[in-house]
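Please read through the structure below; I'll follow up with questions.
Per-chain residue numbering starts at 1, and chain names A, B, C and D are given in the order in which the chains are listed.
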Amino acid sequence: MNFDFSTQLGSANFANPIFTASGCASSGKELSQFFDLRELGALVTKSIMIKARSGRATPRMAETASGMLNSIGLQGPGIDLFLENDIPWLQEQGVPTVVSIAGESVEDYAVLARKLRNVSGIKALEVNISCPNVENRGMVFACNPVTARAAIEAVRRNIGGELPIIAKLSPDVTDIVEIAREVVAAGADALALINTVLGMVIDTKTMRPKLAGKTGGLSGPAIRPIAVRAIYQVHAAMPNVKILGMGGVSNGHDALELVLAGASAISIGTANFGNPRATILVKEGLERLLISRGFNSLQEAVGYAHRLDLP
Amino acid sequence: MNKFAAQIESELLSNKKVGAYHHLVLSVGDIAAHARPGNFVAIAVGGEGSSMVLRRAFAIYRASDRENGLGYIELVVAPHGKGSTWLTAQQPGALIDLVGPLGTAFGIPTQPVRALLVGGGYGSAPLFGLSEVLKSRGNRIDMVLGASTAMKIYAPLEGKRSVNSLTITTDDGSAGIAGKVSDVLREIIDENQIDIVYSCGPMGMLQVITEITQEKEVMHQCAIEESMACGIGICMTCVLPIKDDSGLIRMVRSCIEGPVVDGERVVWDSNRKIPEGTWGA
Amino acid sequence: MNFDFSTQLGSANFANPIFTASGCASSGKELSQFFDLRELGALVTKSIMIKARSGRATPRMAETASGMLNSIGLQGPGIDLFLENDIPWLQEQGVPTVVSIAGESVEDYAVLARKLRNVSGIKALEVNISCPNVENRGMVFACNPVTARAAIEAVRRNIGGELPIIAKLSPDVTDIVEIAREVVAAGADALALINTVLGMVIDTKTMRPKLAGKTGGLSGPAIRPIAVRAIYQVHAAMPNVKILGMGGVSNGHDALELVLAGASAISIGTANFGNPRATILVKEGLERLLISRGFNSLQEAVGYAHRLDLP
Amino acid sequence: MNKFAAQIESELLSNKKVGAYHHLVLSVGDIAAHARPGNFVAIAVGGEGSSMVLRRAFAIYRASDRENGLGYIELVVAPHGKGSTWLTAQQPGALIDLVGPLGTAFGIPTQPVRALLVGGGYGSAPLFGLSEVLKSRGNRIDMVLGASTAMKIYAPLEGKRSVNSLTITTDDGSAGIAGKVSDVLREIIDENQIDIVYSCGPMGMLQVITEITQEKEVMHQCAIEESMACGIGICMTCVLPIKDDSGLIRMVRSCIEGPVVDGERVVWDSNRKIPEGTWGA
């Protein structure tokens, strides 16, 4: 049996398709106690911004039916300290790394790309554009084709030729295919689908929103059908654009569902909180399922659910 | 990050109702040997097919290291919401998915001290293990336990024996002194010439204790309780504003830089706001 | 204790705020075996179209984590048979009734409104605009401010002065407040929030979409945080517009959450499938919770979670 | 709509593994008296806090009416996915939320007939209750049970006694005749001069049986099994294209106009498509 589990996103190769999801594995150290991080296809770092951020006030989370809401508010040390501390550690450990970046303006994305263009030991850049754009009444970049495009263009212009760009989209839009087309036109090599879904929980005791930030991002198994739909729609429209799928994956079956919809790699987020070894379990489960279904490689299975739609 | 943390399938050995709580004993192998007073465990709740996706944190009440990997830990659990109610409904023999030991532990002074242990509700749980350790080092220990009502005082017999004095307060006066633990603290600190206060309980209580210990200039270590999604430092939901030596406030993860923190370092009353001057605010 | 549980949507009064959700109670008969339908604030009928519809092929449903997908495809007898059979039965039984209508073109909505304008025994009209518009490449009416407005205008013009119009919106939009403003401007008296969320499940055995219609609508507790958020956003923007809230309500706490967010009445959908008496349990639970929190009426609690946002 | 349907908390009286199945006995009070062969019950699975929001349907294998509301029903459950696995893991004493009896029943001819009962897998369950009723009316009953393998044949001893002949087929030949039930039907119909076939099992099997019964011009009542979200007629997920007397095809709810339907009225092979000529298509 010579099963090929490797995958590609843009020009980057990964030994296997199981990644952590941004913001759900910190910068790796904490999980390394539970498994060897080199077993991951890649570790995706939490989204880093230019400056240090305190993030939102607490409470920052609320459990929901088969999911959770979070409003971390992109807490982090800022890109300089991140490059000083986190990246060297990941490199030392030999962990395949995807860096996630986030900005509040188009210029922020440009600056972050310039800071990263010559950093070695990074396999790809994930560009989180589900952030409020301070220059546009706080409207989220990913929710508007024009600003989504501008953010990705800024990264593309400044990153140089090498590093693949994965644009991470929000599901909170009327037409995700439209946004996908724009960011691909702007130079994204691959797409990450999906970020969290905007939600709210009201505490029936205090009778106010449970999160200090009122709204938060919904993640976990509850949103998997939304992720599968988004991936399926985008893969149908642009079968050649690689997708890093995510949203509620916690076992091999879930991952297979996203692969069949069109994902070439899978990020695991919320499931890590319930089980620190979730990525490894998903990886083993997915490989087993693919083999048992007669696939010789992961690639054969990507988008397989579309086969009957072909003309 | 607690470097001994491991994920295991633990067997529930016993589950007994004690007042308003359940006293659980879990077989945890080597985890028991590594557990220190103040550490906690994170337990997956709801079983297969559950709609609850997050672990629940529980302070380790006591840990007993036995040879041959037969260690066990004890927890004191209040059936509160869906997760803790599920846990307290499990029968001996049930397999429980557990990660631990997690978090920081109470600091044990190298010099002899006069320690006051203050617990609120199930917050008394980690204090008995702590009192045993302190006592074995020859320290004098006083304890104050408070709760809304008598049923919610968790003070087992063998626990009482390990302290030099035990004061109980209840809001409704159904046991001990009617009032809050904070009402009796100043007097006990003065009378017993307390050097250090250890506390565990609701945030409001810990805040008041900090005010008193600062006024009295005694040390204060408290085990805090923030909503935690992961317990292992990867989600950033459990943060608390803490001042470092230079006075800089940072939002630190209470699951790995806590739950035990220095009371005077905590910027209290920060629920729903980021304190001014916090790094990155 | 003199608790006032009554509620209003437009000019219609209801003895209590618990309704069935359209499509989740058929036309009432089936549920009447489990409780007295007159205990409901209202029964909302399944969306009726002009002509008889076979609906979609099976499989039409897939269970998901804390939810389900459905793609019924608006199966029904058409408005004439509906008026001949279903409405008289409901009238005979004395069941407060809200009729839900759905169309494939603006003209369809106009025709349906004309057919209903003189029918007695109807308390309000719920206008389901989460339907593909055959005149606009199958784009869903509710996903576009212009078509959403046109559909509601067509109903308003043709319904006459009496019957309140409740416009039912889809959460699958970038900005639900924008759509809400349009339909209110077009004459909607109240809003129903939310319809199902577009999703997909892929069967990992057959390796194709589980539903014959491929995508389906996600409902149940999984989507409650999305419903609460949508209701909160719309109520914040238009505090005087009454909202019929729905999405994942299965007990009194859930209903209270939606009321605090801004809903004046609550529809129960998926929960009926798990428990035929769900509406009655929700009703009893909500009333008990409101009283225990010191409210003298339902109205006092509507939107209560916003109180700290007021200037 | 079954006019006797009620929602109850039923106690699980016994749960025994039989081959690949579990045989469950549930205390259901008056529901037992109203249950007819072919009816089913809808059971809430997963317990408190479960992520499974829909009921699961199970054919009533047998119903025993006792006085004083002590009636019980028996089910034969295959642990297949999450819901049925949960149900088969429940212990006697567990309270099960159940709605029933639901759906249509097999029609019992008023004249004496020679009946052939055909079951696939757990589809044999409702046939034993049916055979008892048919037998009590003095009918001759032959039975064919098929499954992929011997472990999946459900044919209890007392059941076997109630039929005049029992033929078993398995795909792998591990019991009875190697092959499908359809391979033996023509012969049995001819030899025993069968008037009516009753069947229950996978859709593919029911379709083939229909072809044979149409060819042989015998009646065919079958209990079909569509994915059901509610079981009580309110969700429209369980529909099946059925021809009425005038030849018009309608998508009817198999939970209330079924599960027992006339085989020749069903438009088979309609998975993923609406048959041409269906009303409203």
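The criterion applied here is as follows: a residue touches a chain if its C-beta (ideal position, glycine included) is under 8 Å from a C-beta of that chain, and two chains touch if they have at least 3 such contacts.
On a predicted model such as this, the values are computed, not experimentally measured, just so you know.
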- Item | For chain C and chain D, chains touching each | A, B
- Note on the structure: Once chain C is disregarded, what remains connected by touching is one piece
- Message: Counting C-beta pairs in contact, which chain pair has more, A-D or A-B?
- Response: A-B
- So, what's the distance in Å between the C-alpha centres of chain D and chain B? 55
- Task: List the centre-to-centre spacing of chain A and chain D in whole Å, with centres computed as mean CA coordinates.
- Result: 47
- Message: I'd like the Å distance between the centres of chain A and chain B, where a centre is the mean of that chain's Cα atoms.
- Response: 35
- Report, in whole Å, the distance between the mean C-alpha point of chain A and the mean C-alpha point of chain C. 34
- Got the chain D residues that touch at least 2 other chains? 51-52
- Find every residue in chain C that makes contact with two or more other chains and list them. 65-67, 220-221
- Message: Going by the touch rule set out above, what shape does the chain contact graph take here: line, ring, star, complete or other?
- Response: complete
- Note on the structure: The answer for chain A against chain B in the complex is residues 23-26, 29-31, 33-34, 46, 51-61, 63, 65-68, 70, 72, 75-78, 212, 220-221, 250, 270-277
- Item | Contact footprint of chain A on chain D as seen in their complex | 51
- chain D residues touching chain C - in the complex, by the definition given at the top: 1, 3, 5-7, 44, 51-55, 97, 99, 226-227, 229-230, 232-240, 250-251, 256, 270-274, 278-281
- Query: Quick one: in the complex, what on chain D touches chain B?
  - Reply: 46, 48-52, 82, 86
- Considering the complex alone, what residue numbers of chain A touch chain D? 65-66, 221
